[in-house]
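Order of writing sets the labels: A, B, C, D and E. Residues in every chain begin at 1.
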Amino acid sequence: DLVFPSLSYRTGPYAAGGIPFADGYADYFTLLNERDGGIGGVPTRLVECETGYNTEKGVECYEATKGEGSLVYQPLSTGITYQLIPKTAADGIPLHTMGYGRTSAANGKVFGNVFNYPANYWDGASIAVNHLLDLNGGDIGGKKISLVYHNSAYGKEPIRTLEELSKKHGFDFKAIPVDHPGQEQKSQWLQIRRERPDYVLMWGWGVMNQVAIQEAANIRFPMENFIGIWWSGSENDVLPAGDGANGYKSLALHGTGSNYPIYTDIQKFVVDAGKAAGAGDQIGTVLYSRGMYAAMLAAEAVKKAQAIHGTGDITPAQMRDGMEALEISAETLEANGMPGFGPEFSVSCENHGGPGLGMVQQWDASAQSWSLITDFIGSDKDVIGPLIAEDSAAFAAENNISERCN
Amino acid sequence: MFYREAGDFKTSYADDNQTFPIRFDRVRYYVVLAVAFGIIPFIINDYWANAVFVPFLIYAIAAIGLNILTGYCGQVSLGTGGFMAVGAYACYKLMTGFPEISIVLHILGAGFVTAGVGVLFGLPSLRIKGFYLAVATLAAQFFLVWLFNKVPWFYNNSASGQISAPERTVFGVPVTGANTDAWAKYLICLVFVVVLAWLARNLTRGTLGRSWMAIRDMDIAAEIIGVNPLRAKLTAFAISSFFVGIAGALFFSVYLGAVEVGEVFGINKSFLVLFMIILGGLGSIFGSFAGAAFLVLLPVLLKNILVGQLGWATDLAAHIELIIVGGLIMVFLIIEPHGLAQLWRIAKEKLRLWPFPH
Amino acid sequence: MPEQLLFAVEVTLNGLMAGVMYALVALGFVLIFKASGIFNYAQGVMALFAALTLVGLQNGQIPFAHLINAIFGTKLHHFGWHMPAVLAILLAAGVMVILAILVERYLLKHLVNQEPIILFMATIGLAYFMEGIGDLMWGSDIKKMDVGLPQGGSFWIEENTQWLGFGNENFYGFFLDQLDIVATVIAAILVAGLVIFSQYTKQGRAMRAVADDHQAALSVGISLRFIWVLVWSIAGFVALVAGIMWGAKSGVQFSLSLIALKALPVLMLGGFTSIPGAIVGGLIIGVGEKLFEFSIGPLVGGATENWFAYVLALIFLVFRPQGLFGEKIIERV
Amino acid sequence: MLDATETQETLLEVNNIEVIYNHVILVLKGVSLSVPKGGITALLGGNGAGKTTTLKAISNLLRSERGEVTKGSISYRGDAIAELNPADLVKRGVIQVMEGRHCFEHLTVEENLLTGAYTRTDGRKAADDLEMVYNYFPRLKERRKSQAGYTSGGEQQMCAIGRALMSRPEMILLDEPSMGLAPQLVEQIFEIVKAINEQEGVTILLAEQNTNVALRYAHYGYILESGRIVMDGPADELRENPDVKEFYLGVSEEGRKSFRDVRSYRRRKRWLS
Amino acid sequence: MLDQSADGYVTEDGRQIGGVLMEMRNITLKFGGVTAIENISFDIREGEIRAIIGPNGAGKSSMLNVISGFYVPSEGEVWFRGARRPQLKPYQVARQGIARTFQNIALFHGMSTLDNIMTGRMTLMKSSIGAQAIWKGAAEREETEHREAVEKIIDFLEIQAIRKTPVGRLPYGLQKRVELGRALAAEPKLLLLDEPMAGMNVEEKEDMSRFILDVNDEFGTTIALIEHDMGVVMDLSDRVVVMDYGKKIGDGTPDEVRGNQAVIDAYLGVSHD
């Protein structure tokens, strides 16, 4: 069978985010088994392992599951990702960090078995700025943009990109850190109230998101000018603030809401069959959709690998090849019951990062739902490309890696 | 009479002072060493190394370190995580700054750097006592983590703020980096553990150890009979930090290979190591091992039983695991507040008397 | 007034308010420490647990639904009622009393006369235990705390202080969060009540006696059981209040238990044994960390609040090792 | 010295108890004693004989020291009291003054005394009793506002005894009251003990090292050695017993010998050989 | 009146007492409002046994604390071996050869008897941290050497049997003995004993007296002693200082002091035989 490890975190400070993702990831594979009898006729098996978002437990989970023929790891935490980059390389198992992890892994020439399609943090920063450019008729010169970020490796990711972009577009950029866990953000929001930036971007996670949104509402910051990264845009983040959160925006890696055919199938084959993962109450939420989307991409890569190697029960190495040859077209999405859910893209040996496309969604507090307000927006490759090249070159030098794909 | 010490007479004070005055204990100790060095390296695999042995050995070092400070010298510290971070970052800077020098020296160097930092944060202990000191050491914890996160020099300006250990070898065998074999990881940690435990044992049984314990048991009286509290406390901080620093360095370079400071060396780490020594037994080197083994193994074991054997959902299992770990901590403390080491001692006393009840 | 000064004043005011919020958590610690010499690490988790229980009751959640569903394959979730806030608060307080009784009965009773560090450790065990139970009982998703507390900046204050800027464009009046104002009032009442209780009543005196010497307290006929249940119940109630206040800010979720970390420096600075100390300490820490972040933060890259509170408390302690109002550490031979 | 208040009614009966600490250390090896109502009974014996342990076994304070009574029974007014908690025992009128003072360091002297009245419900009377205690110990009155932790050893001892008196007990278990007290205070305290015994009818069980004084005030005495009662009898008789004289009172045929002369001789107790 | 010339005197039992070893000059000690010691002067001569007596709370223990540097006198000077002593930290005082025991036993509870006494030798042990870490060699040799000295003390105090017992478990009297051993281990010039015989029965007091006399005799150690048992004080000491409420009310040989009316009033109550 096809083994998919799921390093989930259903406990600990980030459990609220971890549960829906894990449910979505699990339910999709259950759906494939129930509806299609697996992928290419081979049943899938999900091996879930609880990490609690903790690096050491992540390592333990990896070691415990890798022997079972795990095809691809989706570690879900930047910390664990960094652990696994060298380990998976040594063990020849591919790693998929969708919308997180080490951004420069997009450079397939250096990172042979790490993939971070369809978009990464630097894309995210650029997408947000591009959205603002759209809103302002292409000119944001002189505008003040602040970034409220989680004071960790994750939160610091977009800073470099935004600095570059501020040079390019002439806006004033200011980064405001919030230390873990982020329960108390008075200083930061008083500062924002004082400086009245035109826009605030946010790279937050966990309780920091909820408090930030609440505080923004408290100082009556115009919510439509407040944009979070895709990890700051789930129902969890906005619900506690109630009506105050109305109008808050965040980036979206994929479609939102339950108006996709796939949900009918999930209801029918998974939920009604009593096979839903977890408590079964997360279906349709943003992070559930993300887990499902990640699973779909993995399944597609398996199909690709099966096609390439002409075998059903593929190995991790073959899976890697499948991922590198992955193509997601409108038809694929349609066929999977997710029309327009994600971008169309293809992966190549050089480019493991996908197209870098994302959308913007906005929260409607009265309807208690997110709605997409833009189509896919691209990122500024002119800015990001060199950054990725620089960072991956440094990694290659440090670890004596010679470039592939030549 | 499973356990005998009768007939084991000593004819010199030096003999009487040895670590295991009782022959039975001594033999058992050599057997353990023989297995650790002679058998385990040949059968160990990645899972056992990475999930059990390597973390156990490294935590044992950290626990011995903290036990010196807390168990022997009575200064409760919650800054262990921060000091481990110092060790890790010092090791990283040394590894990347002087790649031609042996990793073993880097690790030792990291220990010395940490010792220095430890002394610095130990200074307030001259004024501040008890839980006040414990909470005060959190200042070290939070400040150090913040510092390593904030100053790019510490992580060589890498874009992510993470540090990753490059490959380094000992006698041509890689011990850090992705290509390290399980046995190599295990063995280097084991060597450090054995040497450090031996040093700790020597230090704690001599004059210095007695001055620590005197300060712990009654600091004023200790001072009046001639213990210099400044010296006693600062040496405890220094030596404890040295151990903890080495643990941090190994944790980063050998065990994890890549580290983000807030996540790996956060306050939870401080608490974890403290648990180990309290559960294991304050003021006992054996206790440090017992505590580390217990807290490394228990979660792994529970997980394997609940998820692996019983097939429970991981989240239920994780919650129940929390309940069980918390419950066991309480139960253990109720049964024997002085830790596993004391349980072991009582068991020995019982065995000695066996089959008589008293 | 110059702009910077006005902002500094505003930061100070908000620091005071934040300090009150910290003090609310610190109070629970102080109570238990005073009554038993136990440094109750579980206080933060108790706040979380209390808040979870409150919200759970209010929304009619079925406790342990997930576990039950997993075992029996049922699909339980809600009782389908919505309880008025006041009733839910009372019930939650009741649950905290039950918790206090259980804690005394199954934990503290067996640890009479043990060293403080052992007791401390036991409360850590308790924290884990309750964390697990809390999750299992009410689930780990984020819940909205809605007991009708006002939230958001106060318009009234904003408008009526705008003139202070004397036409300065950049000054929009002072910002004060209404929730914080409510918290201040509640904290003031709690502190006053608790001070009277501990200094002037028989039980209060007994409580302090227990803290000094368990055995001697037993020998004069003070029932440790009763005192402990009493104190843990009060601490449970204080935790509930803290849980409500902080829960209103961030939603009720696991991270609520981490507010304990914000309370520790407050505790240290005010003195582990002093109820007024918790408030004063809170205010000093609140103002100190906010002003530091405001003035020095930008120079060193910000996010200084976590450690600065501790360093500030540490500096204080070097001069007064027992904290501002803590009982003097008796050193005699 | 026998006096009228003593009756034949037995208030406290300890029956062949055995106490073990930490599950391994056997300390009392079958101790029995009975305390008549209204009397002063002394429990004598050297260091480590088990006097404190016996008293703690009675007042149920052993549990908090990881000790337990493994055999035998203890009854007070005929009721078994082994399962009561110490607080209930105080409510029934049995209070212990612990060895080594055990004052509440951070409370003032007066607050210490007031905690003694904790179990009492007649709030007003407690204030009178405070005066009574201050009458007995004027030194305490002077120091009433200081924290007990800062008072001298003797002052703490007074505080501990005064605290017990505040509960208006029926029976006091007094553990080494004379320890560390100035000679004139020792007399004074025993006078007080006698006074409360006679005037208030309080029964007293007294553990003492100071055999001399103890036997002067007590009615009956038990001598405890290594966890066993080795001798007992009315106080006057014990005082005349030659062994007691030599080993506990330090007087031999020639009268009290000087401490300077003890240098070079070792004795052996006859009953231990 | 004894002949107290600058270079000493001869005691009744014919021992030669030397010159002044330690002199307290006009010591005053205040704690907030309380004056624990008020303008007291006295000296201690080489080789003598000097007793300090007085009612509870008189300031005796405080005086010892001043001598050992734990309390800093508000006024007055301490002269040691003919030179004025600057304000030293307690451990520095200990290094000058002043050792002591405590009124409320201050042993290190987590350590064995042996370790407690070895700790007393702290001031004499010199091996470096490095040497201790390696153990084999210098540290081990030193340890063994000092162990021998400590074993002598253990033999002397007759506590061989409890060598390895944690002191927390020992009965009170033995603890006192261990504490004495710990003080002796430092091979002090001046030994301060704070109520060494409190809580002991006659037999044990005799033992303790013997130890004190032997120490004084064999090692020539000067001893300052606080004690409430008048028998002991009168028999053992060469000269006595009497304190009351922080003031000195008497100073002289035991006989002189016994006859002093102020002393009788304040302390002895009835005159003691």
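Here, contacts are C-beta pairs under 8 Å (C-beta built on N, C-alpha and C of every residue); 3 or more make two chains touch, one makes a residue touch a chain.
Every value quoted in this text rests on a predicted model; they were computed, and no experiment measured them.
More C-beta pairs in contact connect the chains of B-C than those of the other pair, out of B-C and B-E.
Using the average of C-alpha coordinates as each chain's centre, A ends up farthest from subunit E. Centre-to-centre, using mean CA coordinates, subunit A is 74 Å away from subunit D. Separating the CA-averaged centres of subunit C and subunit D is a span of 45 Å. Here the spacing of subunit B and subunit D, counted between their Cα centres, is 48 Å. Counting partner chains per residue, subunit A has residues 10-11, 15, 19, 151, 179-180 touching two or more of them. Residue positions of subunit D touching 2 or more other chains: 150.
The set of subunit E residues touching two or more other chains comprises 70, 102-104, 106. Shown are all chain pairs that touch, namely A-B, A-C, B-C, B-D, B-E, C-D, C-E, D-E. Within the complex, the subunit E residues that touch subunit D are 13, 31, 34, 54-58, 61, 103-104, 169-174, 195, 198-207, 209-210, 213-214, 228-232, 235-236, 267-270, 272-273.
Residues 10-13, 15-16, 19, 151, 176-181, 183-184, 186-187, 190-191, 193-194, 206-207, 210-211, 214, 217-220, 236, 239-240, 242, 244, 274, 279, 281 of subunit A are the ones that touch subunit C when the two sit in their complex. Partner subunit C is touched in their complex by these residues of subunit D: 59, 61, 63-65, 85-91, 95-98, 102-107, 111-112, 114-116, 118-119, 147, 149-150, 163-164, 167. Interface residues of subunit E, counted against subunit C in their complex, comprise 65, 70, 102-104, 106.
Touching subunit C in their complex are the following residues of subunit B: 70, 76, 124, 127-132, 134-136, 138-139, 142-143, 145-146, 150, 220-221, 224, 267, 271, 274-275, 278-279, 282, 312-313, 315-316, 319-330, 333-334, 337.
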